[in-house]
Every structure is written in structure tokens, then in C-alpha cells.
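By written order: A, B and C. Residues from 1 in each chain.
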Amino acid sequence: MKVVVVAGIPGSGSTTVLKGALVDLDYVHVNYGDVMMEIAQKKNLVKDRDSIRTLAPDVQKDVQREAAKKIREMAQQSNIIVDTHCTVKTPLGFLPGLPPWVLEELQPDQFVLVEADGDEILMRRIQDTTRIRDMEKLRDIDLHQEMNRSVAMAYAALTGATVQIIQNHDDQLDETVARMIDTL
Amino acid sequence: MKVVVVAGIPGSGSTTVLKGALVDLDYVHVNYGDVMMEIAQKKNLVKDRDSIRTLAPDVQKDVQREAAKKIREMAQQSNIIVDTHCTVKTPLGFLPGLPPWVLEELQPDQFVLVEADGDEILMRRIQDTTRIRDMEKLRDIDLHQEMNRSVAMAYAALTGATVQIIQNHDDQLDETVARMIDTL
Amino acid sequence: MKVVVVAGIPGSGSTTVLKGALVDLDYVHVNYGDVMMEIAQKKNLVKDRDSIRTLAPDVQKDVQREAAKKIREMAQQSNIIVDTHCTVKTPLGFLPGLPPWVLEELQPDQFVLVEADGDEILMRRIQDTTRIRDMEKLRDIDLHQEMNRSVAMAYAALTGATVQIIQNHDDQLDETVARMIDTL
């Protein structure tokens, strides 16, 4: 079955757009962070979701690999949408969310990157008090989105998957959801 | 023998520049789309060339793989220039023109990307009535060229090939052809 | 042990920043160019360091491979910092400094890209008379840094390593060194 990876940096609204699109589509929606969280909690590595980002890269690797295996098993039954990050920002730099050992397990058919303008993302983060997030400068937000595009094209070169980019601008959620439905 | 991949989005003028350069060079010029077209027509998949872009990704994969095999056989006799696209724009997103199964067959030594400014490409497309082309916004043209650069560097990382970028601006064809000859 | 690759285009100041940071850190500093130079001189391929950039791609490949092997052996004893280039600018285009046969040997854990604004790099190159360097236009400098980011993300996708980007602006060396220490 088809495996689609949907990604966006915090504040891009990727999860919101995805939920809107999945109302009308026959996909099983898997949040990669949730699967990682489940595995990390079983191993007693973290207490809350945002702490995963602060784990050492090696520990993140093991959790990622196990999450990929679990999702692949689910993909035998139905079309899967994996909600994740192209890169995770760590103190050591941008960590690829889909390194070789994950890509080999997932074998994704399509990547969809949800983006927004840097200033839109900045304002959304200021208004979002439900999750602890590192406040970043506009320049850092733009850089993160640029690096995600680059790594997505590398994932594409490694797998042959397509890469779709969808802009999720303020006050245009319906149009963005419609574009997501079209592309899925 | 040396295998060089020359690529550019529709309107970049990559084929024109290449033809100008090949007058003075000892290369066999292979258009990847033509080889794919030949194979796709034998399989009764398409009627005209632009329709290849609308095929499902899986079908495109098979056609690409067979085209790569065929070109590799030709490369045993002489230096080859493959005229193709870094990515093909499909309804599902940017599809890598040289995914792993193609790269492994081709083992290219050099990539040459022919680019132009977005507004130049837009004007050239408006004037070109010989082929059916999706009209795109300036922003989409810039994005396509950006994604092609990224994927070209991923192809380079996967093969060790060099990546040359050549600007093909209006009214400077002679200079552009001279640069192409230098780089080949 | 940990292997970190530090890279920056000529004039980025990557070596200066690195030397400042290594005063307080327990790493063995290996200059990839020096190791390549040592090997290339033994083979009687070059007289001075800048000439390596003018070697044919195939010859550069062999030298790179041997340098990677040598560095890997050193990494059995201590943490290693490899000072190198993401891409080397050659007449045939951007040559990846860490192609597959190098990445497989090195298995780096982290990439650190040292960058500066294009005009800063241009001025530093004008003032630097100790090495022969190709003078480039501002646009070419920006392009080289952009291509390095792309290829770094491809290296990351191939290895799972993190990619950190550090800006080394004029008159801020202390802050840049501090950021380098934090990231290492």
C-alpha cells in the first residue's frame, strides 16, 4: 500500500491541514512522533513529547528505527500517512528525521511538505501556548524550511518518491486542505 | 566512456544550448525523454511526448529503468550526453528524473544544469506554441529550479559526479554555448 | 569515537574558527586537504596545495578514498575533527568533497558548515595573499554556499548525521568560536 510522509516545521500547520484533508480520504494517519513517544516511554527515556528533541542523536536513532518498523507493519493493511519532521532541530544541528535506516523500512511513495511564510510561523508559535517550543528568529525559521526542502529532495533521490510543497497561508485553510486532498 | 547528464526545466533552453555545443564536440546526444517515449509507445502507454508527465509514478519508473539500461549499452561505444530533467513536475509533486534505479544504471560523471531567470523562462514558454506545457506562476518556476539544484546535489552525493550550473540568459546564446563547450 | 566534519568555502574562516574552538576541546584536528596533499605528493601528482583542485576528478577520487581510510584509522584512538570542503569547485562543476566512497569510510556523526555573507567572503579573499585563489563574483560565492548546504543535507540523509550551520561574521570571532564549542 501507499506510504505518504507529511512534514512541516512547528507552526507550519501540517497536522491541522492533514486532519482537514483526512476527513474525506481513506488513509490511516500515523503521527511519527507519537509512535516514537510510545516506544521512548516504554524504554523510560522521556516524560513528555518535546523532550524527544533533546535526546542524544544515537538514542533518537534507535527510537526512530523501531517506529519505522512498527509503521511498516501497519502499512500492510491500508494506505498510511506518516506525520513527521524532515529534520529535527537539535543542539548538534539539523538531525534528519528520515535517515537511511528509516527510509529503508518505510519505503515512502510521496513526501508532502507543508510550509508557510516565516512571519506567519513566528506569529503562530507566539499564539500557541499548548506546547513548549524553542523560540526562533525569523532567519532561523527560513533556514529550517530551506534545509527541509534540501533533505526532502535527498530523500526523493534515495527512494524515487515525489516531493510536493504546499503553502499553508493564514486564513486560507480551506484552499490548503483542498490542495492536500488533490495531492493525496 | 564519460556520461554527462544535461538538464533544465521547460523554457531553460537546455536542448538549444546543447545542440549548439555539440556541433564542435564528439559526443552522442541522447534525449532521455525520446528514449522513454520510444519505450512507452512500444508498450502503448502514451500517444505524445507530454503525456509521459501525466503517467502514474509507478509506470514512469519502469519506463525510466528500461531507458537507463538502453543508454548504458550505448555508452560502451562513445561519450554520451543524456538530455533529461532533474525532476519532472507531476500532480503528486516533483518526481526525481534520476532515482536510484536510474543512477545505478547510468553512473553519470557530470551533471550540467541549464538555468535562466524565472521571468525569462515565463516569456519563452508563452512564445513556445509547439508543445503543450502547463503554465506556471513565476514563483513555481523559481521553486522548480531550486528543487532541481537540491536534487542535483543529492545525485552528486550518491554518485560523486560534478554539478555545473550554466545560466542561459536571453540574447547571450553564444556565450552560453561557449561555457557549455568549456565544461564538456 | 565521534567524527565531525567541519567545512566552509575559502574565506568563510572555517579553519580559524575551528582552531579557536579546539583550544578548549579534546579533539584531534585533521585537515582533509593536508591528508590528501600528503598522499598526492607521495604519488607525485601535485607540487602545492591549490593544485589539488585542478586535478582530474578521477585522480581526486583516488586521493580522497585513501585520505578517508587514513583518517578512519586515526578515529580509533580519539574524537576527530575533519576540516574539509563540502564541494570543491572545479572546471567541470562542483565536485562533492564527501562522495559515497568517502562517506562510507568516514561515517561522520556531525557536519558543521561555517558560512559568512558573500560580501564578507569577497573582502577576506581580496585581503588574503597567502594562497592562490580563484577570484569569484558575489553571485558565485552565494551559489557555492547554497550548493554546500544542499549537498550537506544529502550527506545527512545518507548517513543520519546532523548538520549545524554557523555564521562567522566580521568582528564576531569570539561569539562564533563560542557557538562552535557549544555545538561540538
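Here, contacts are C-beta pairs under 8 Å (C-beta built on N, C-alpha and C of every residue); 3 or more make two chains touch, one makes a residue touch a chain.
None of the values given here were measured: they were computed from a predicted structure.
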On C-alpha atoms only, rotate chain A onto chain C and read off the angle in steps of 5 degrees.
120
Could you check if the interface between copies chain B and chain C is built from the same residues on both sides, meaning over half shared, or from different ones?
different
For chain B paired with chain C, centre-to-centre distance based on mean C-alpha positions, whole Å:
30
Give the residues of chain C touching no fewer than two other chains, as numbers and ranges.
150, 153-154, 157-158
Chain C-touching residues of chain A, taken from the complex the two chains share
57, 61, 87, 90-96, 98-101, 103, 143, 146-147, 150-151, 153-155, 157-158
With touch defined as at the start, can you tell me which chain B residues reach chain C in the complex?
109-112, 149-150, 153-154, 156-165, 182-183
